[in-house]
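Sharing a structure here in structure tokens format.
Chain naming follows the written order as A, B, C, D, E and F, and within any one chain the residues start at number 1.
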């Protein structure tokens, strides 16, 4: 979008917002429609697909055995990776993850890790030797804004759908055996992103809104309603008052989604 | 070559071909002169140099010990790599192998692997622990077309020339000992490439022919005259009839080369 | 600097040099002021900062345990790396080390390695299994010429300041224990760089001199006054006579610096 | 490496998943499912699940890749990390680089590239789940994506493999048959021009077996072509319905 | 992973390094220390030792990164291999890529980027020694470097973290508190505009605790801002003295 | 690391391969052996087998590398994976990057680069088999390749090493002498201008030993220079014969 067209679009959007309206007729604090499917990739130990309006995210979980980190010998490993797959947008290019993909992966990771959703101690097979590695691969298939919330939601849904391989230890070697045991999550964090456009706070920005927003804040809320991760983004700022408003909004919207998901 | 010059060249070539002639006076199904030298790199466990007209390929074989792949614990490892060395052509640039080099390596690999030329079980030292790794490095030194056939031939010739290090197992560790044992090949696959230019099939295209060809097909033939690998390339097509003709031609030319090589 | 300005600068410098003078009033064989601080990075096992005029180099030493190289199972590992940190000069760009940084690292490495400053046998913990790895990271913080001498000096100073972790071997595993033991150096090589500008030899070229020099020669001198490494650089040449002069000069200047450093 | 231990064809002549030797796996095709792409398609073929999307025609970027006498097709075949048994690194493997090249070579003959000099189109094929024959299924979906993008084509392109397992020539090998069987012959076809645009072979076949496999693969291609046409028709009927509303 | 074994606050309510919960570590700021850079600053904050340098404004290179409606700020936050306990590879980690981005987003709001279209500035932050809170200390130094480079700013930017250790909300976490504590909230502020330009959180806080931590961090920012002003003043007094000689 | 166990000089004062201390290995030189290159040469020096090829002068690509006041020489010294005892990864090592640089610096003084502004030449040196002294042998071959490409030169460049093994100064060290010996001094010379364009040293030599080694290396250079001239003459005699046919 060239600068001048962007400015006209921004004007229109601002006029709408000043009346409490948005491009797609949503209210300022409404999410777009959320659709969730789990288990669609049978090859993966867990998977989920989330549509957030036209934004489409597929998350696949793979389980491998590996070595623990030296400083946490009795803990399994959680690895979150995000690919902005080039078929999802004319703006995505093939190649290793850039700063945008890395930010999404790290914000999703933080929500899961800090909420202690996964008990990493339970992923330990033999302290210092063998642990389970949980690969969370976030695959963006269509980009229409708010990739963080959709990715975080799909990641948790895929983990809820994950089956861990059974195993035996025989003469110091790990042997994977028949069958699976479900992975249990201790928390189901939900991340809510709020954009600031022309000094208004709007929930779940679509792509066109992201293109004109001042800044955004993403807040992950755990089962108890506490905050377990925050990320401010974008080349703008928030006032203290706006931060307070945003955290309140995030808590409400997270509860709403939690109810909808049945979590 | 700019588009217009290419078109004039193509015209000339097509006129020749319609009379059953080629730029260098060969018949449509004739190979250029093939020269083979073996053992010219004494440092390598095996080596061979092939001239196919002005195309020059050097293959060196290095043997190392390593770990088997987890899914084939009792099999050694074969690795084929191809470098389009920048001194071979103004079109080659330094850097990691691109799609052209990768295709050559993989087609050479397929011919050797699928013909079961190497008994990978015999490369196993201690199942699950130590195996021999056979590195086949294809080095293109001058590019005048048909790199696939010259590379495949040089690779087999270098393997026929390869000596495996002797070893002992002492207290679970592999010790390389004095002397060598020749590597025995169970098959000597020969790859024949046929280009389609103006609806004519020509064997062993030189560079100028490759620049105007519609497409090419490379067919590897094992000792018994069976097909053990095929690769179609180029932005054109073949009819079913042409494929049949090509496979017949490939079998004939492979036998001819096999005889010439004394294999 | 564009070509024409460079030529005017060069003329000025040459006129000065013909009178035995330099841009900053130094004599042809004078070093700029050298300042050395050791131990400024407490987190590192050793560190030193050298100012050579406005050139600023920080070297940090990290010690890790690792495996020896297969061909030297009873020797520790020395690794020198150089980063031309982009904040040091408008000409430095972020990214992996280029040829300039690699050359500095390798010349610094050679001075230390060839003078046998570090007894790598003493870095062996258990032959073939565990050794200490000494990481010497050369960090260029401001570039005003003669990075090689400043880097080599800072590297030796940082090694002189290095404390090795104590350890015990228990059931075949290495356990790092309390306390440290100083690393002792068997030699303190000093590297002297001499540039040739308009057929004059000048010691310790500053950046403006490097930009117009024909070539340079860097000579490392060990404690006994022997030469332990040489590197000629730059797109010019030296006569045999100039080489002899340069080695004599290098020996004198190295002794001078050695005295100044109290080494 | 091909192993021979498993029994791939039972006494009744049926395959592990109950198919007859010349039977295709179930195929599901959808056209136009990715809103941002200029053209897109989705294929399920057995347990394969693959997306293809096209962006373009557009100016080539970087410019030096443009060609003054034709459109350039760039193609990236890529597998999702979770599409296979052992997690695959998202960095392109040598296998993916080669397959990207042969897929490109299989599709270019169908496009009037000479009519659109200096332009480029980007084709992305993402394997979400792999079950043998992904390159063929990818080509079949990609041709639909190109068609949906409105890029003029001489013909569609459709692909299918045949091969040999337990001494029998079979159609459309699934993963285990591909790995344990003795030969695999992927083929791509422009069905109305009878032009073969992809042909590869792994394994060992004598010339007669090869011809049999090739013919069987071509038969498979023609069956899938009917489904391709159906999928395009469905798409445009749906489109028309939407427009008429 | 946060562990809870260590006692981070003693019976007197003091922290491991003797600080009170709302006490900053000692801060040392210097402006203009790298001769080649257009602007530079050095910060020590506890054991953190960090350099920041600015090159520009200048033409963007490569050109396609320039923007017709504003100045582009590029930012690289990087840790020296010897800055941490285990040697860090000099190649940028994912953590460094993310922090580079949030630091850039924290500084851009303070620069009149719209007044300098088509130009760019490069900001480099090098962590020579790390002790918790490097991104905040880096921002504080970077703002001074930008100011010294003469780039017109709406306001300075200053950053500080607060967090929770042993059930207490504390200011300016050092390394162990960051690793073993239960939450960390780094904040950047434009102090005269009262605008928060960086906000992140790790760990778990209920909404009240979060508000308390945010307010404490903002208090910390304001204290450090006074030191920033002092450092700039010192710089320009020195400069004046030099000029007057 | 230099080890001292092996006896490198026997009682008669001869080296492991029977050479006297001041004796060169057998050298074989061929000019113009790669048809596609603008200039090329092949050298065997003991067991070293090395190819050098030149492409150019030509327009620099990418353009921003061109220089308005001179020709740019790019140089890549590279070892084949099979050229050494343990297979070498084909990716350029730090050693190869450094040697590429010093080789370039050793050849540029011989070329009238100032006469061909904005152009570039690419020099590729491929070590097919390595046996100590590859950089010197590579330079000797490269100078012939540049000459064959018709690029005007002030002088040829020729290179040879001397060093110290078992307390003796020796000429032209082979692999074992290089690894086990106590010093190695590679030197490149423009023989008619008496100009040293490459000089490196590894190991320990006192100033007198160094001077002795340098002088011996220069003697070696002059001997090889005669062979270079011979090789060029042979090439052009052959060429004349071809033309006269």
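FYI, contacts are C-beta pairs under 8 Å (C-beta built on N, C-alpha and C of every residue); 3 or more make two chains touch, one makes a residue touch a chain.
Keep in mind the model is a prediction, meaning the values are calculated, not measured.
Note on connectivity: the fewest chain-to-chain touch steps from subunit A to subunit C number 2.
Counting hops only between chains that touch, subunit B reaches subunit E in a minimum of 3. When every chain is reduced to the mean of its CA atoms, the largest separation from subunit C belongs to D.
Look at the CA centroids: the one farthest from the centroid of subunit E belongs to B. Put simply, the C-alpha centre of subunit B and that of subunit C have 48 angstrom between them. The distance from the centre of subunit A to the centre of subunit E, with each centre set as the mean of the Cα atoms, comes to 27 Å. If you average the CA atoms of subunit C and of subunit D, the two centres end up 58 Å from each other. Here the spacing of subunit B and subunit F, counted between their Cα centres, is 32 Å. Touching of two or more other chains is recorded for no residue of subunit E.
Shared interface positions of subunit A, defined as residues touching 2 or more other chains, are absent. Here the chains link up into one ring; start at subunit B, go to subunit D, and the full order comes out as B, D, A, E, C, F. Touching subunit E in their complex are the following residues of subunit C: 40-44, 47, 54, 56, 58, 60-62, 64, 81, 83, 85-90, 94, 96, 135, 137, 139, 141-144. Across the interface of their complex, subunit E is touched by residues 3, 72, 75, 97, 99, 102-103, 105-106, 110, 113-116, 120, 215, 217, 222, 224-240, 243-244, 247-248, 251 of subunit A. Within the complex formed with subunit B, the subunit F residues making contact are 34-37, 40, 47, 49, 51-53, 55, 76, 78, 80-87, 90-92, 122, 124, 126, 128-131. The residues of subunit F lying in touch with subunit C in their complex are 1, 68-69, 94-95, 97-98, 100-102, 104-105, 108-109, 185, 190, 193-207, 210-211, 214-215, 218.
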